[in-house]
Amino acid sequence: MKEIIELLKENLGNIIKDIKVHNDKRIYLTIEKEDIKSCTKIIFKDRNARYIIASGIENFDSFEILYHFGFDKSGTIVSIRTYLDKEKPEIESLTDIIPGISYIEREMWELLGINFTGHPELKHFLLRDDWEKGNYPLRKETYEQ
Amino acid sequence: MRVKKPKIRELKEAVKGAFSKPYTTDFPYKSHTPPLRYRGKPEYNKDVCVGCGACFQVCPAKAIEMVDKIENHTATRTLIQHPSQCIFCGECERNCITKEGIKLTTKFDIAYFNERDTLDSIEHKLIICQHCGTVIGTEKHLQWVLKRIGNLGFAQPVLLTQLMEMLKVKTDFEEKVVTPIQRTDMLKIVCPKCRRIAFISDEKKGR
Amino acid sequence: MNLKTKALKKSLWVYHMSGGSCNNCDIEILDCLTPKFDIERFGMVLVGSPRHADVLLCTGIVNKKCVERVKEVYKQTAKPCVVVAIGSCACSGGMFRDGYQMGGPLDTIIPVDVYIPGCPPKPEAMIAGIVKFLEKLK
Amino acid sequence: MNNKQQNTKKVVVPIGPYHPLLEEPEFFALYCEGEKVVDVEWQAGYNHRGIEKLSESKHWDQVTFLVERICGICSTSHPFAYCNSVEDLLGITVPERARYIRSIIGELERLHSHLLWVGLAGHFLGYNTVFMWAWKYREPVLDIFEIISGNRNHYAMFKVGGVRRDIENEDIPKIRKVLGELKGQIEMLTGAVLDDPVLAARLKGVGVLTKEHIKNFGAVGPVARASGVDIDVRRDDPYAAYPLVEWKVITTENGDVFDKAVVRLLECFESIKIISQCLDAIEGKKGEIQGEIREVPPGEGIGRHEAPRGECFHYIRSDGTNRPVRHKIRAPSYVNIPTFKASCIGQTIADVAIILAGVDPCYCCTERVAIYDAEKKKKLYDFKYLVEKSKEKTEKIRKEI
Amino acid sequence: MKKLFIDYDRFLNVPDDGIRCSYKMHPENNGIISLREEIAFLFACRRCEDYPCVNSCPTGALKREEGIIKRSNVICISCKTCSLACPFGTILQELIPRIVSRCDVCIGRLKEGEQPLCVKTCTNGALGYIEEEEIKDRTDIYTIGDHIIVRVFNWLHTYGIKK
Amino acid sequence: MNINIWFLPIAISFGTAFVHLIIKKAGRNVRKWVSLAGALAVVFSCLYSMYINYNVLSSGEILGLLFAILISFIGLFSISFSQWYNPEASFVYDGLLFLFLGGMLGVVLVHSLIALYIYWEIMTVASFFLVLFSDTDEARKASLKYIIMTGAGSIFLLFGILGIWLLEENILWKHIFFFCVLVGTGIKAGIFPLHTWLPDAHPAAPTPVSSMLSGVMIKTGIYTLIRFYFIIFKPSWSIGWETVMMILGILTLLGGVFLALIQHDIKRLLAYHSISQIGYIFLGIACGTTIGLAGALYHTINHAIFKSLLFLGAGVLIKATGSRNLDDYGGLAKKLPLTFGVMTVAALSISGVPPFNGFVSKWIIYQALLTKNNGISTFAFIAALLGSVLTLASFVKVINDSFMGVRKKDISAEHFEISPFMNIPLVLLSAGCLLFGLFSGFITERFLFPSIGEYVLLNIELIKMASYYGWLAISILAVIFITGRRWIRRARKTDTFFGGEILSSETTAFDGTHFYGTVKEITPLKKFYTAEVRGILDIYQVALMSLPRTGKFFINIAVKAVDSLYTRGSIFLNSWVDRLKLLQNGLLAKYLVWFFAGIIIIMEVIRR
Amino acid sequence: MSAIYIFLSFVMVFLSFSICGMLAMWMDRKVTARLQFRVGPPWYQNFADFIKLTGKETLIPEKANTFMFIAAPVLGLIATTIAGTIILLILKNQVSFSTDAILILYLLTIPSLSIILGGSASGNVLAAVGISREMKLLLGYELPFICTLVISAIKSGTTTSLGSIIQFQQQNGMILGSFSGVIGFIIGVLSLQGKLGLVPFDLAEAEGELAGGSLIEYSGILLGLFKLTKAILLIAGPLLLISLYLGGFSISSITGVITGILKYILILVLFILIKNTNPRLRIDQTLKLFWGWLTLLGFAGILLAIAGW
């Protein structure tokens, strides 16, 4: 646990904006969205963390994506948090680093309206193909005036 | 573990199968009793349920419908359990304030052709606010509360009237509360909101 | 009751389709085939194509993506066929009634003959439901 | 030479949405050349019920039922992971008896789920005898569930902070008896599967997943363990009673369907071991089974559980009310199914069936997110409306046909 | 700094679902309900010696902490028993829902000069979004935290009992 | 016997060819009727000579006449068909057709071997130009291959004929001559290692021509072989050859059908089937018994019927869709019901499904093989049965691909079955398929036995019984259909079931490419197929490859030759009169030199 | 043998074989069920199925070729019945023609062919996969089946007349009694298993993969006809095998009938056992099995037979 924090600091020291240690096994990092690619490369490729999932959340003033990675030796989960613009949610796709992330990115695309640049096939996955554009089910309601 | 005995085990088991009694139940021919704790169709217990509506609130599937009907002076609350929507989770039973008001029976054979055949409903008399006409609670619920908190409840005039009702004491609370509500009206059958208004009415005036 | 109806009652071929269920109803349907319940006793078998089916067992809430498909399958089933809604999901939507993906409980999409609520209905309940229906058929 | 210029047109062989292979509706378009599969497209969403979204409108307590209904096969793993996640948020531990009971339920479920898998795999292979036998052996486990929880499948045992129902002491001997019988039967089944040359011919070397695949797709559970990736949440991130009992993680090296079967079968023995130890621990004792939780403060929590199919992952965020703000559910199948693509290509249609089965996919939990109708704040369907609408529709359709 | 002003007693006449809320993290959220609940327990409650409410509650969701009643929103099943038991009409039925809402006082979400949605939709002036000075001269004014001002007929205050 | 009548068919053919030459300026409409009249006349003359001479003919002559009738009928049908198929063809084409016809008739009708050889060459040259006719790259290559291979065959044949002329008692020479004859006729007939011109030439030729090539021309090889084997070299001395021929037959049969299984080009596929059916005939002959001969003859007739039917049917498909590739077809049954019907009949016949004709003849061959009863014939029997199943498999693919399933593009209405020129041959041929199966007893007794010259020990009763069952089946089918028509109309139409998913039909057309994918993957077959792809099985290619130097030299010459041949060839085709130019150089010249040299040698020999 | 006589026997065979076949199918289902600890269907199950199917609506897919779609099952039924008739007539009169076994062989491929044509006509891709498998399967089992036939033929003195084969066996004992006989019998059982589409070789209708495979589009009476064909085939196939290897089925005496039924049941039980202890094979494995091992075995059998073993 200590080692993992050390390791993260060592490898990602300059990238990490914020580190929150929830408890022994849960670590939340915050990074800028531009760094996501280099960060995952280090964590996933070099440090051999297991990709678990990504989860997107809509906040009031931003979108937030959490990329969860597991270090299975110690049972630690490192969640990398990035914030995206509310107006134009966009982030680089990680499909070329983690092939398995493709589906969740598609899902976030259709359910949350986050655009993943560089994703090979952003098309409907869970919803019907004729799903109405701009209706993103997982977004919280927009303001009613 | 890896002993090579291809097919022999299977054949043995097959032969065993062929010459033993079938494992199949006799179900439709003989009736089947599910275990005691089987979570079957929920049913109201007419004697115990007090109509508080907690089951309606906790039901994750919203399978219980609560309808309050107010028709001049007689108000009833109907709780309808829809087996067609029920997920048989048992939450209603677990959370029932009387513990016994609704019970998951062991009835499993609830197939129906028309939903109306299976609905289980219970009716309660409602006490409504004499002032504003909103629902206060069911008669039985009030009595239940009273029983539960004993004399603590005497501070609550609505409970008190219930007690009188139970004791068959004739009361003249029937008269309609006049508007604007006054402090004296708090002793009538009024809803918490009206009671609050009654309480603060003259105190505010006093300012 | 003529011979053909009698035969129909003795030989119901089941096609099972799921319109967005939690799987459990489906598993319980399969369970009906297995030694404990063995609906083959009554001549019921699970078939792979709705063309062969006499009974459509439908589970799940029938979500929006499935609506068309369910209709399609119903049209492709050889009549007379019995549609059975298995599980609370199919009967009314159950827990997921308020979800947006809800395409409507089964009976708003195709005519349903028997409803077997339960989450999941135990195999006995399914058998009992079908027996009930057969009795009605008389 | 005409053979050379043979055009490489592909044909789409649809598997699904309604297909006997799939319990749930799901659509796989197999792009084939002859019987050989050259590409697979997975189209999901037939099972999508919007649970993640629905969960935002349900009480912490009700969410257990909702997530339970993500899936019926391992209906306890989602509540398990969910409860773990809320407890992680709260930073509490549950009473000891509850921990044991949780483990017992989890492992019993693993037993029935693995047996179910063995049966289904047999079914897909056309080996109906195995199907019937495995499901027959599974039946007592369900009966046990029915006795202790009141339902064969959706047990409703879990609760944030503990368990809802106790395992009565008088039921424990029954469980032990079933376990004893099961052990012999699974031994038979294991032997039968391992020794059968025909099965070996069908399964060995089919649908091989390398460690690289596993890593790339993040596959978990028996799928990963069959490829020699040694992960198991129960050991790596101990929870419930798992750190308190003796057991071991099964791994094999080849990553083909045969190995997946072996892993699952051997895991059954471990499960039996765990259950017996847990039963020893609670037998004859009394104890709290629920902790009291009065408030869920704002924060976030992650819960994991090693479901029969692999790691089940729940992420919840609370804002201090009594329902989650965000509930992300990552079911094992979500990461396991994509491996199917890697392992299917180049195989024949006949093998696709068993490869799919090897992953043991369940789509229901892969597709849980949902939508809440923003316009109508009231219930979408009230009861009368329902009845009327259905009648109307039915008439219309009857006329149509 | 503008604060949210709540005239608690005026609410007694406000129709139930008249007010909307812009806290959209949950569907059907109406933050004002939770504020009202809090205010009710803080100011409207008479702190009965032997609290009929707590005693009547069948689940133990109500608890008295430092004299103030607190309802656990996880445990409460919204059975309304406490509401019936309270002699003073403190616990209104709509204030003890099963699913609670949340108000963040719209912090950080308002544009310049904008009022929270609840204020905008409240028709009879029970709510306001105002500078503290504006209501200095009115009676029964209390502040909760940094962002909320309440006007409520406070029994405790009237009778000289400090919180 | 009336010699005039005897040669009447040949004369008429050549005459018609000449007439075409004369009326070359006349419109196609005129030439159409001339062609038809000519072809009809040929048919009638053949029938007539059969009719009036039936009682006086020797068995060998009946055999020849039988072939002649066959040739004339197929010729008539093909010519009629080609009026629809090649409406714009020039007079050259028509003329060549008749020349070809005449050549073939000559081969089977003449008595003298020398004359046979001459007609043989006429036939070869005429067919060469017909293959070349469409003048595409493919056609050029195929025709070159064809002419080189058959040219070589001719030389062998000539050598054989000469040898017979010199007929010595020396056994060794006899064997050598027989070998030559075998090679010579084998190339024509398409015996296994020598078959390779066939799958190239058939697709390249215009469809009616392929129908004639495959339906009858390769039968002239069979005819010649029969003549040599049964009449000139008696089977009794040729014990060794029996085994060789048996093995060749097995190879031809299985090789052909296995290669056919994976073809996508419909004509190529049919060509390979011709090879495999020739294998059956060869097996029959190889038995050396009369039963075998009867089977072989019967199968020859049947093969002519169904194979030309198949080619003509394929012609309809090609014309309608503009493609020879099976994958481009699909769902044509709705548009071309007649073609669908006749092709199905033909497919069932060729696969030997009772009660169609293919079954009976194959059955006789099986009997022959079984009665032969030595080791190799047992295996030949197995191979033959297997071949029959494989044929079925292959044709299931054809039927499935072309007629079932869905059509991607629509075909224009002019290709529908409206032309009687095309419909009547198809219908008559398919009727032939059925009748030759149902009246097999009659046919064997009245035609085959006389042509063999003795009553064969064959269980005619059984054949009759089989055809009785055929009648039974057909009548039951008919009854069911007549009674069930109303009921069928009542049946509800629905969409296809794809597990409930709505899919476009294009993506789900499971056609030929996919059908036998697995077969290709099986290890020994895989080798076989890769070998075939690499051309190892093609002796033409092997010859080109295995003699590097000569090969190079050969190729050099070939390239030059091809060049000049193409230019010349097309010029030749365009101007019949200018044909003398061709003799200036080029391969054809060489070929003609061989040809004439051969004749001169023969003349010399005759004079001696 | 007059035409009327043949026709009458045709009808009789149709009735009796289909009834017996359905009973055999019931037995198959029942025994299977018992092996799996189940109760299994009642004896009238298959009749009920068939009657029900006649009462059901028949659907014809729009894309299908109607003629072929309807003709195929009829064709298969007629061919199988004819095969049955021939076998029965031979068994009855003990007279037959040379090579009638080949005729039967050919007729017995027609049911498969009819499935193939029907599946092909239905225009469904799953059916197409199914029929391509069925076709390959046909290719596969035909070769060893021919070997079976040849072995028996050689053993009984090179005759492919069933009658003489039976007569030979009556005089010299069952062919099964020799080495090559055993080989031939085993191959025969396996190939018949394939012909009947029973489990290790049921890939054409593979429920699990192809949703009913080649029959996916069939419904109502047409499906019933296919079932009927299967039922008749379930009698005719084993009868052929009995005639070839087990000394025939004498229907003239009671003991003959009883031993015949016992022989039949022996074969049926073999079928059921094989069916229930094996998973379905892949198509290439099937082909390898049939064209590889079984054919080699068959050839070995033939050589043994030629050598007189």
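Letters A, B, C, D, E, F and G mark the chains in the order given here, with residues in each chain numbered from 1 onward.
The definition used in the following text is that contacts are C-beta pairs under 8 Å (C-beta built on N, C-alpha and C of every residue); 3 or more make two chains touch, one makes a residue touch a chain.
All values reported here derive from a predicted model rather than from experimental measurement.
Undergrad: Just how many steps, at minimum, does a route from subunit B to subunit F need if it may pass only between touching chains?
TA: Minimum step count, subunit B to subunit F: 2.
Undergrad: Please give the intersection of the contact partners of subunit B with those of subunit G.
TA: C, D
Undergrad: What is the distance in Å between the mean C-alpha positions of subunit A and subunit E?
TA: Distance between chain centres, rounded to whole Å: 38 Å.
Undergrad: Which whole number of Å gives the spacing of the CA centres of subunit A and subunit D?
TA: Centres of subunit A and subunit D (C-alpha means) sit 24 Å apart.
Undergrad: Would you mind pulling out the distance in Å between where the CA atoms of subunit D average out and where those of subunit E do?
TA: Distance between chain centres: 44 Å.
Undergrad: Name the residues of subunit E that each touch 2 or more other chains.
TA: Subunit E, residues with two or more chain partners: 25, 27, 98.
Undergrad: Give me the residues of subunit G that touch two or more other chains.
TA: Within subunit G, the residues that touch at least two other chains are 33, 35-40, 57-59, 125-126, 129, 132, 207, 210-211, 216-217, 220, 276-277, 283-284.
Undergrad: Residue numbers in subunit C touching 2 or more other chains?
TA: Within subunit C, residues 17, 34-36, 38, 41, 46, 48-51, 65, 69, 73, 75-76, 79, 92-95, 97-98, 100-101, 119, 122 contact more than one other chain.
Undergrad: Provide the residue numbers of subunit C that touch subunit D in the complex, in ascending order.
TA: 15, 17-28, 30-31, 34-36, 46, 48, 50, 60-61, 63, 65-66, 69, 71, 73-75, 79, 92-102, 104-105, 107-112, 119-120, 122
Undergrad: Can you name the residues of subunit G that touch subunit D in the complex?
TA: Within the complex, subunit G touches subunit D at residues 32, 35-38, 125-126, 129, 132-133, 199-200, 202-203, 206-211, 276-285.
Undergrad: Across the complex, what residues on subunit B touch subunit D?
TA: Going by the criterion above, the answer is residues 1-7, 9-10, 13-14, 23, 34-35, 37-39, 58, 60-62, 65, 82, 87-91, 94, 104, 115.
Undergrad: In their shared complex, at which residues does subunit E touch subunit D?
TA: Those in contact with subunit D are residues 25-29, 34, 61, 63, 72-75, 98-102.
Undergrad: Could you please specify the touching residues of subunit D with respect to subunit A in the complex?
TA: Interface residues on subunit D, with respect to subunit A: 43-45, 48, 50, 52-53, 88, 91, 215-219, 231, 233, 236-238, 299-302, 304, 311, 313, 315, 317, 325-326, 328, 330, 334-335, 338-339, 367, 369-372, 374.
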